[in-house]
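We call the chains A, B, C and D, going by the order they appear; numbering starts again at 1 in every chain.
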Amino acid sequence: MLKVSIIGATGYAGAELLSILHRHPQADVVHITSESHTGKNISEIYPHLRDIYDMKLESLSEIEQIGADSDFVFIALPHGHAMAVGKKLEKLSTRIIDLGADYRFDDTNIYEEWYSVQHTHKNAPRVYGLAEIYREDIRTAKIIGNAGCFTTASILALAPLVRHHLIESDSIIVDAKSGVSGAGRSLKQGNHFPELYDNFKAYNVAKHRHTPEIEQVLSDLSNEPVIINFTPHLVPMSRGILSTCYAKIKDMRVAGTIEAAFQKMYGNEKFIRLLGAGGYPETKYVRGSNYCDIAWHIDERTQRVIVLSAIDNLVKGAAGQAVQNFNIAAGFEEATALDVVPLYP
Amino acid sequence: MLKVSIIGATGYAGAELLSILHRHPQADVVHITSESHTGKNISEIYPHLRDIYDMKLESLSEIEQIGADSDFVFIALPHGHAMAVGKKLEKLSTRIIDLGADYRFDDTNIYEEWYSVQHTHKNAPRVYGLAEIYREDIRTAKIIGNAGCFTTASILALAPLVRHHLIESDSIIVDAKSGVSGAGRSLKQGNHFPELYDNFKAYNVAKHRHTPEIEQVLSDLSNEPVIINFTPHLVPMSRGILSTCYAKIKDMRVAGTIEAAFQKMYGNEKFIRLLGAGGYPETKYVRGSNYCDIAWHIDERTQRVIVLSAIDNLVKGAAGQAVQNFNIAAGFEEATALDVVPLYP
Amino acid sequence: MLKVSIIGATGYAGAELLSILHRHPQADVVHITSESHTGKNISEIYPHLRDIYDMKLESLSEIEQIGADSDFVFIALPHGHAMAVGKKLEKLSTRIIDLGADYRFDDTNIYEEWYSVQHTHKNAPRVYGLAEIYREDIRTAKIIGNAGCFTTASILALAPLVRHHLIESDSIIVDAKSGVSGAGRSLKQGNHFPELYDNFKAYNVAKHRHTPEIEQVLSDLSNEPVIINFTPHLVPMSRGILSTCYAKIKDMRVAGTIEAAFQKMYGNEKFIRLLGAGGYPETKYVRGSNYCDIAWHIDERTQRVIVLSAIDNLVKGAAGQAVQNFNIAAGFEEATALDVVPLYP
Amino acid sequence: MLKVSIIGATGYAGAELLSILHRHPQADVVHITSESHTGKNISEIYPHLRDIYDMKLESLSEIEQIGADSDFVFIALPHGHAMAVGKKLEKLSTRIIDLGADYRFDDTNIYEEWYSVQHTHKNAPRVYGLAEIYREDIRTAKIIGNAGCFTTASILALAPLVRHHLIESDSIIVDAKSGVSGAGRSLKQGNHFPELYDNFKAYNVAKHRHTPEIEQVLSDLSNEPVIINFTPHLVPMSRGILSTCYAKIKDMRVAGTIEAAFQKMYGNEKFIRLLGAGGYPETKYVRGSNYCDIAWHIDERTQRVIVLSAIDNLVKGAAGQAVQNFNIAAGFEEATALDVVPLYP
């Protein structure tokens, strides 16, 4: 039984962590924090947790004590805040899984450029937390920079093609669509119910912060620099991401190997379900689960491949991925607490 | 380990049963049937079950064999069809949990009147499957007539008041609202997405078939005939029922005992969460779970009590309730496979 | 051509007024105000108005000048703020249509009690702005207190029954459901998209401020005091109210006269569509229009009548009603700018 | 006053035509047809039209008589059915506006290939019905093949760039998202409310029939063959299309001329609203209106331009466009009956 704490438990990712960890037979949640709701019970903020979690929210100011009490600390804070926590826990044996962006970048200059924040923990020993790609590194990592939601859906869709050099590396376009929980719990006019309902829009075109994350991993996999177009959209629904990825096929004569590339990379992955050529993932087919469903379409006319991937942004795109990483790092069975049937319809 | 089968596995209640039973450590699903999809794999119909259930759908025509193979049979067929199954399994030791209406009525004349169907298994040994009220009878029952969705929300809201004679028995009005999954998987113009989206309506006013079910149980609890108004509405959402119940308080001087009545009846119930006087249940706080959240409001001006209750119609209103009944009947811990955190947001 | 101004143009009711007045051949919008957005162009706040309205938002501080410039002033401010405007325009010939609650009550004590605000314009010459009931008074009124949204749907559903004394006056229960635009444009955690989506809840049980408004008009119509239960609910949709009204029929032998009562009162009303006994209004059938659709059901078993009514809360429940009142007061054809086909699907 | 008829009035496009024509001072609807509902009143099918249209649905079998009675005939039938109508009206002076695909293609081989239907009216005198591009031809056309919904959004987004040769013609990718009304009124499991709600998916990847339509017009504008990727998605909402279009900029040094190209082509267009570089169209900002809102983003990193366009699929994407074409063809003011404020929120 390991002791775990959640720093920033009142955001949607924090709440989802609580839901998943409730099912975990080898993890015990010992501390939860919130700066805006310190002293309240978590079920006052989230009544769906009533009778399930009866815990007080503490303050980050006690972080050293919290760290000392915990085998693992999950951080679910806005970017720029995890670095300070990471530094304060540096000397402890406590391991960290950060759901934000602070520990995702190999090159902190890229982080500073895209996030307009100075990185204050540049030498942190860290790995990128996407199990299907960096599993071995995750096992022993001190700090795991959990992959972002759009990033997870997009990288998993493109990784086999990039690793096997089946597509032109400068031809990649990712058109992604997310449910509104991805925009967080903070109030915003554009996410006010009457305005987003029966509405659809793009945002942050050519400047969304998940862009360099996707580029970093795809470049790593292909051993050549990959630059992509990434366009996020907001779908009037609560959960789910569908990523539609376009790329030019290098050699149409070997387009048939695309299937083999997906099978080779994901054939044994518990949380990736391959729907095959011509398939259609739907976000509701993965809702509430840690699955990433993937299918691809080859367009002979344009010599492009279109890959579709679907995840639940709060599970495989955040808290589920974090628990998957936790299981790997702790030496547990990887699917512990994650073997859940999607909630449909 | 008990062997269970699902008759009518491709409706929403059947699919939800599969989801819940996947978590059950003491139940093994051995047969699933569908008349319209016989021979297909269940994951062709429900792709969210891919890699989770790899089972072929069989036909009802083999029901005797299916029954002989099974310790318990869950029936999720349209009303009028379970009776035939029940008769065919009469001689076997197989126990039955019927999610439809065929075995819900003590007086089959009422069934025949409201359902316009002849009852062909009038002497069936059966109990009404609402655990919080008929738990003891459920333990040994041969056939359990699982309570309906609107019924569950409405009875649980009113039972303590009726049992303790706190309200006028002819003053009860139940105004209920359900997500569209309650209307089933069959296509219907009124449930076509563009027509129901951003829309709200009532249906079956003064003639919905859950009316006599509510009346039967409330009459049983109060030992006097209870006649109610019941009005169902369709909410443009997928899951969830909110029941708003109105009744005249018999004696305002003892209105304070209302709280005690709820506490006495439900204080130890795992799946009932009392939000107390002045509380507000929301359907999303119970989504995907077996909880029924209840709160009440006393209106001094009109001397009425308004009770609000929320359930997930497919879980506590159907498949979750069925598994709760199964656990009781099989002698398992009642919450087995049902200790799930609601999916929020 | 009359000159009109809108005080508080950036709320949803204000924006809807702009939409409707754009179609009005005899009204010219000359001033629009907003305290939080003074100086901005209205299309910066509401991009759907781009190229349609190119007007700067002014401040209330110029209200006397705005009043002097205007034949009619529409006020769409939160309650408590219209009184000050009304007093400042007292000496002018400008007429006022207030979409808020300040001028709705004959007895300002009731206003003060339910709104917890002191009324500072008690002797204002005013009429209740519900054309189907107070049309004659509206023609010459200085100040029109436009009926509220829930109020309109509920009063129109019950008025014929109350006027003809067909129901028990202490038996009335109104269970109402509204789209979220009714809660306004201000941000609120409970109306944040991810939390309200796929969710349903009641609010303000036994204390919603539209209760005394409904009681005032029903009492006026019946010449006896009417006290009701009123329960509002929030539907996860943008626009629309459905009101489900219950009442005990006084004498079942003359239940057949219910239809005649509706026909007599509404047979010639342009904006009331009677769907008759057994009908089912749907909010989408009136979306974007000034219609109120009404149907009723007689339940022989309980001797109650259930009346259903549907409106668009921003049109017949606010801006459309205001323009209808404006047309009457100005001597225009009553349907001017309001003869719009509902937007379906 | 012209006499018009609608062939296929019970689909969503037909109903929308009725809504728009109700506002038209120079058009009188004389016949409406439906094969599945012949003999019924249109308001039985569409209760939102009650008291607005009191007309019986006729059968297509009387098409010659209907044609003889009508100055214009709008056809809103599934593809493959308008050709027969067109041939039967060949000799009459009646002019035709077909909302389907039968008369959209210059090269009927392309139609036959993508629609798997034999074209039986190949020599029909026809023009492509997209006013902003083919206005002059529309004035005198006998048959107008009204542009498709996805097509309209996509062509209008790309036309200025293609006409001025600012982008690589083989680099175009159109990722489009539509509300469910675009899939029509016919029932389909995938469009059943509980299954599409809170869900998002792609469909018809690399094979949607609007692909060759977009290619035809873009090729025509650029005088070189244009081949594109087109991917449609279904958004869980009722109305609206957002088209996200990607293309490689030919020469980054003249990327600044992109704005000029849009201004030149659309600066005087009533129904195109340019939101400029960096803007964000939202579908709800055009809901219920004939507007097409367009914005563009230049990505220096990838040297691509991303153009976003939003329309209401039933208005500018179908019935509104048809009436715009009708106004042009009839010599009326082009915006007649179309000067409508979008319905927001």
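As a working rule, a contact is a pair of C-beta atoms (placed from the backbone, for glycine too) under 8 Å apart; a residue touches a chain by one contact, two chains touch by 3 or more.
These numbers were taken from a predicted model, which means no experiment stands behind them.
**Q** Matching residue numbers in more than half of the contact pairs is the bar here; say which of C-D, B-C or B-D clears it relative to A-B.
**A** C-D
**Q** Give the label of the chain whose average Cα location is farthest from that of chain C.
**A** Of all chains, A has its centre farthest from that of chain C.
**Q** Tell me which has more C-beta contacts between its two chains, A-D or A-C.
**A** So, comparing the two chain pairs, more contacts are at A-D.
**Q** Compute the distance, rounded to whole Å, between the mean C-alpha positions of chain C and chain D.
**A** Computed value for the inter-centroid distance: 37 Å.
**Q** Rounded to a whole Å, what is the gap between the Cα centroids of chain A and chain C?
**A** 46
**Q** Could you state the distance in Å from the CA-based centre of chain A to that of chain D?
**A** Roughly 39 Å, centre to centre.
**Q** Identify all positions of chain D at which a residue touches two or more other chains, and write them in rising order.
**A** 12, 179, 181, 194, 197-198, 236-239, 282, 284, 287, 345
**Q** Quick one: in the complex, what on chain D touches chain C?
**A** 12, 15, 18-19, 22-23, 46-52, 181, 197-198, 238-239, 273, 275, 282, 284-289, 293, 341-345
**Q** List the residues on chain A that touch chain C in their complex, please.
**A** 12, 179-181, 183, 185, 187-189, 191-194, 196-198, 236-239
**Q** Hey, which residues of chain C end up touching chain B in the complex?
**A** 170, 173, 175, 177, 179, 194-195, 197-203, 205-206, 227-229, 231, 233, 235-240, 242, 244, 246, 280-284, 287, 297-299, 301-302, 304, 306, 308, 310, 345
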